[in-house]
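Going by the order they are written in, the chains are A, B, C and D; count residues from 1 in each one.
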Amino acid sequence: MTPKIVCENISKFFIQKGKQRVHVLEDISLEVMNNEFLVILGPGQSGKSTLLRIIAGLETPTQGRVLKDGKEITGPGQDRGLVFQSYMLFFWRTVMGNVEIGLKLRGVEKKERRKIAQHYINLVGLEGFEKHFPHQLSGGMKQRVGIARAYANNPEIMLLDEPFGQLDAQTRMFMEKETERIWQTEKKTVIFVTNNIDEAIYLGDRIVTLKGKLPGRMDAIYDVPLPRPREHTDLEFVELRQMITDKSELVL
Amino acid sequence: MGASPDRRVKIQVKNLTKRFGDLLVLNNISFDVADGEFISIVGPTGCGKTTFLNTLTKLIPATEGSILIDGKEADPKTHNLAFVFQEPTCLPWRTVRDNVAFGMEVKGFPKDKLEERLEYILKLVGLSDCANLYPNQISASMVQRVAVARAFAVEPDLLLMDEPYGQLDVKLRYYLEDELIRLWETLKATVIFVTHNIEEAVYVAERILVLSNKPTTIKAEVHVDLPRPRSLVDPKFIEIRKKVTELIRWW
Amino acid sequence: MSNTIADEIVHHVKERQPLTIWSVLGNEYFLYCVSFISFLLIWHFIAAAGLLGLATPEATIKEMIRLMSVKLAGKNLFGHIWASSRRILIGFAIGAATGLPLGLFMALNRYVNAIVKPVFDLFKPMPPIAWISISILWFGIGEPSKVFIIVIGSFVPCVLNAYAGIRIIDPELYDVIRVLGGNRRQEIFYVSFPAALPALFAGIQISMSVAWTCVLAAELVSSRSGLGWIIIRGMKLTKPELVLGGMAVIAIVAWIFSAATSGIEKLLCPWKRGIKEL
Amino acid sequence: MPYEEVKVKQPIIFKILAILSLLTFFGVWEFIVDAGIVPSTMLAAPSKVAILFVKKLTQANPDGATLGAHAWMSAKEAVTAYVLAIIVGVPLGLFMGWFKVVRGLARPIFEMIRPIPPIAWIPLCIFWFGIGIWGKVYIIWIAGIVPFTINSWVGVNMTDPALIQMARTYGATDWQIFTKICIPSALPMIFGALQISLAYCWTNLVGAELLAADKGLGFLIEMGRRLAMPEMVVLGMVCVGIGGALIGIVVDVLERRLLAGIRR
């Protein structure tokens, strides 16, 4: 099986405040298979979001390149959908308006667009909230809109950037379960960035860990052989987590 | 729900009830906390936890019932209450040192005692090195440690913690939880620790109170009599964790 | 799943307090009334004692009612209100119609910005009122000179706010459009414009209040109609009730203008309705 | 180390465009007056303004004072009123933000006076103070106080409720919360008012001087019109612009210093 996404020796430097060069990523190489759920796990400030933005095409790597189906990625495109950590909903649009925006950009006619958007609104469980504005929704609901918006554009690859970082522990578990359900309903290649190890083990087929502190470097790759749906309290789950935690470093 | 009979009761919560108009939020909550006990409170999302805490700290008045500390009605002005919030509550215009001193200043500690205790606490929490930095110069976990240090500094009769380590990554959380246990053991405070994270609750507490959905009552009480330091992969630990999870599962 | 914390806050507000003397005395609306009434009383007694050259509130109101029917320089009170309002509306319309697009262009295009900004910065610190004299040299003392001042006065805040409105947009919002496959034009139409709308209205509000200052200044310097003229007339005839009445009417009309702008904003930005403002 | 210092060059084209733009502006201005496209009774060429500027540095005629005297007068009025606006406006706003009783009593009066453009006070001021400095100071003060009051008030209102709750749980009194929490957290908002208020002050200063003065930059402009000397009008306008910009810069530096002081 050929990989869907290949990152070849990616390094990234940022220019900060016009005069400071910051080394964010160093020599990242990884492969993502078709319909795989890959989790990138790293502490804060490890460049993991930057890696995701490079795959999305929003940033260009300073060195190395990203291939999708063997072709180099040069910019953002409809084939990859991104879900943002801070939701990034259009606060001037309703839930429906937010979800249908991608289709609208491509000039899909209104009736068709509404039908598709409605399908995804239902899929994420927001039926009845179509006319609400983002500020009327709770955090978990906002991120459902974010996920529906990305899905409605029918990308081949979903990129999620710490999507549940701002939710409380229980809502978060609930959203993880929902994410798994949605992924099972409409299989896609998923790259999921998080700093939460429970989330990583609960969701991932494979976990790539990054080392803390800039520049971010690859640490290890773990397979998660546990059957789905997984339970946070299963012994294998906890043991795997213990193993990964023990191998990672503490950043105070 | 009582504490173990061999320990002195420090806090008594009796028939605590809160109504907003016709809406009953807290329904007749009663429990005791022993002197120096570490209690965790867990509950499903949206269980009226905020109201519960605000009533407990007297930020809002209870409709019925009373909270007694050492047999006297609790009052933030006379009792030493301390609260560590979920969101960082460091004053950005004060250094770490002055932030830790804030609670003692408000409580009117005499100057020499304040200085002495300040140095002691800073050293105990390991903040001496960054005592002169401002909150925006230190990491999120450090900010939360400052809040914890500030709370312990006032020798609290009751220390309430509302999910203080909610957004931190796991390794860091373990470290800070261990630190919290160490502080509690050294300084002998009475702690009520509220969290959404069941594993965390089982890890830190002697006793766990499980809240029900609205109107909130205490649904169950779970004693955690595991030796410390506790292991997360200990089958007994996992068993307790599963038990509590089942009690509050709503997803 | 509802936002429970918000629920609780709402309930907290609804909580009924028992009615006691202290709760009435401490009530904000009660205090408003106390404040308003004592303001009028103090004003009355100062005026009645002949201090500060004021007219009593009663005399002021009576004079304004009289002016509603009696013509002063060919216009009754409403005629003068309309004279000032018309200047503001025309001047403001021109100022906003040129200022807002210019500000947007400057923020969206670096070349436009590089060319326009230096010249704009030359004029920015110059108060619009400073233009009155040259405006009279250019346009005489008729309507155009007054409208010109207002154009200048409303132009600058419109440019500044339109510019700032675009600049404060979170760049990640553009990323949303880019990731969904949109182009630069779509970024502008689907993000820049709607996201900058509240800032545009803020600019319009400021422009309105500047416009009132400008129109008054222009009318005080030279005119035969308008609310500013009423004030000056009152001064020249030493009729304080005319001065005070004019000031009161200005306050009321200016307040109506600003309330109307907020109303239009609420209509155009439905998403802002639920967000609490001071 | 992931951080290192580097130098990044801004494209030079934008600087060139900016300079070109300014040159064109002055060039066109000079040209349209010299070529008679705009009559010299309506607009003065930049060169003529510059000549008058040099002359007015030492000569008091024809308007009765040298340029320096005019500028000094204006600056004196503006600064006095500005300082008074801070002294009254900031405490008023702070108290209105925190104490319900103060807010209840002060707000209606504040809201009644706020929509009246300060210029409208001129007739009363002339009656109360004559055309001396205090009438103008009063008008500028009325203009300058509004941003300070509103920003202090909003600043107190925007205090993070978590901080207030935190202090309450430690048993802090209302006064302690006000002084230890609300005032420091309102400071950035109050500094934000420095610039806004200054702009209001300066605008209304010119208005007041146009109408009731015998000295000051506004008066210089008005005299230029009465004497039909467009170069004097333009000179006055330029001086007002430069003066406004200069005070703006001073306040900006001050603001940064003060903000850096609390923020580090």
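In this section, a contact is a pair of C-beta atoms (placed from the backbone, for glycine too) under 8 Å apart; a residue touches a chain by one contact, two chains touch by 3 or more.
This is a predicted model, so every value here is computed, not measured.
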{"item": "Most extensive contact between chains (C-beta pair count)", "value": "C-D"}
{"item": "Relative to chain C, chain with the most remote C-alpha centre", "value": "B"}
{"item": "Cα-centroid distance, chain A relative to chain C, in whole angstrom", "value": "46"}
{"item": "Mean-CA-position distance for chain D and chain B (Å)", "value": "50"}
{"item": "Rounded Å distance, chain A centre to chain D centre (Cα mean)", "value": "49"}
{"item": "Chain C-chain D separation of Cα centroids, rounded to whole Å", "value": "18"}
{"item": "Residue numbers of chain B (touch at least two other chains)", "value": "45"}
{"item": "Where chain A touches two or more other chains, by residue", "value": "171"}
{"item": "Residues of chain C touching at least two other chains", "value": "1-2"}
{"item": "Complex contacts: residues of chain A adjacent to chain B", "value": "43-44, 165-166, 168-171, 173-174, 177, 195-198, 232-233, 235, 238-239, 241-242, 245, 248-252"}
{"item": "Parts of chain B lying in touch with chain A, wherever the complex brings them together", "value": "44-45, 139-142, 163, 166-167, 169-172, 174-175, 195-197, 199, 232-233, 235, 238, 241-242, 245, 248, 250-251"}
{"item": "Interfacial residue positions of chain C with respect to chain D in the complex", "value": "26-32, 34-36, 39, 52-53, 110-111, 113-119, 122-123, 125-134, 136-138, 209-210, 212-213, 216-217, 220-221, 228, 231-232, 234-235, 240, 243, 246-247, 250-252, 254-255, 258, 278"}
{"item": "Residue ranges of chain B in contact with chain D within the complex", "value": "57, 59, 75-83, 85, 87, 89, 91-93, 102-103, 105-107, 134, 136-137, 154, 160"}
{"item": "Interfacial residue positions of chain D with respect to chain B in the complex", "value": "160, 162-163, 165-173, 176, 180-181, 184-185, 187, 262-264"}
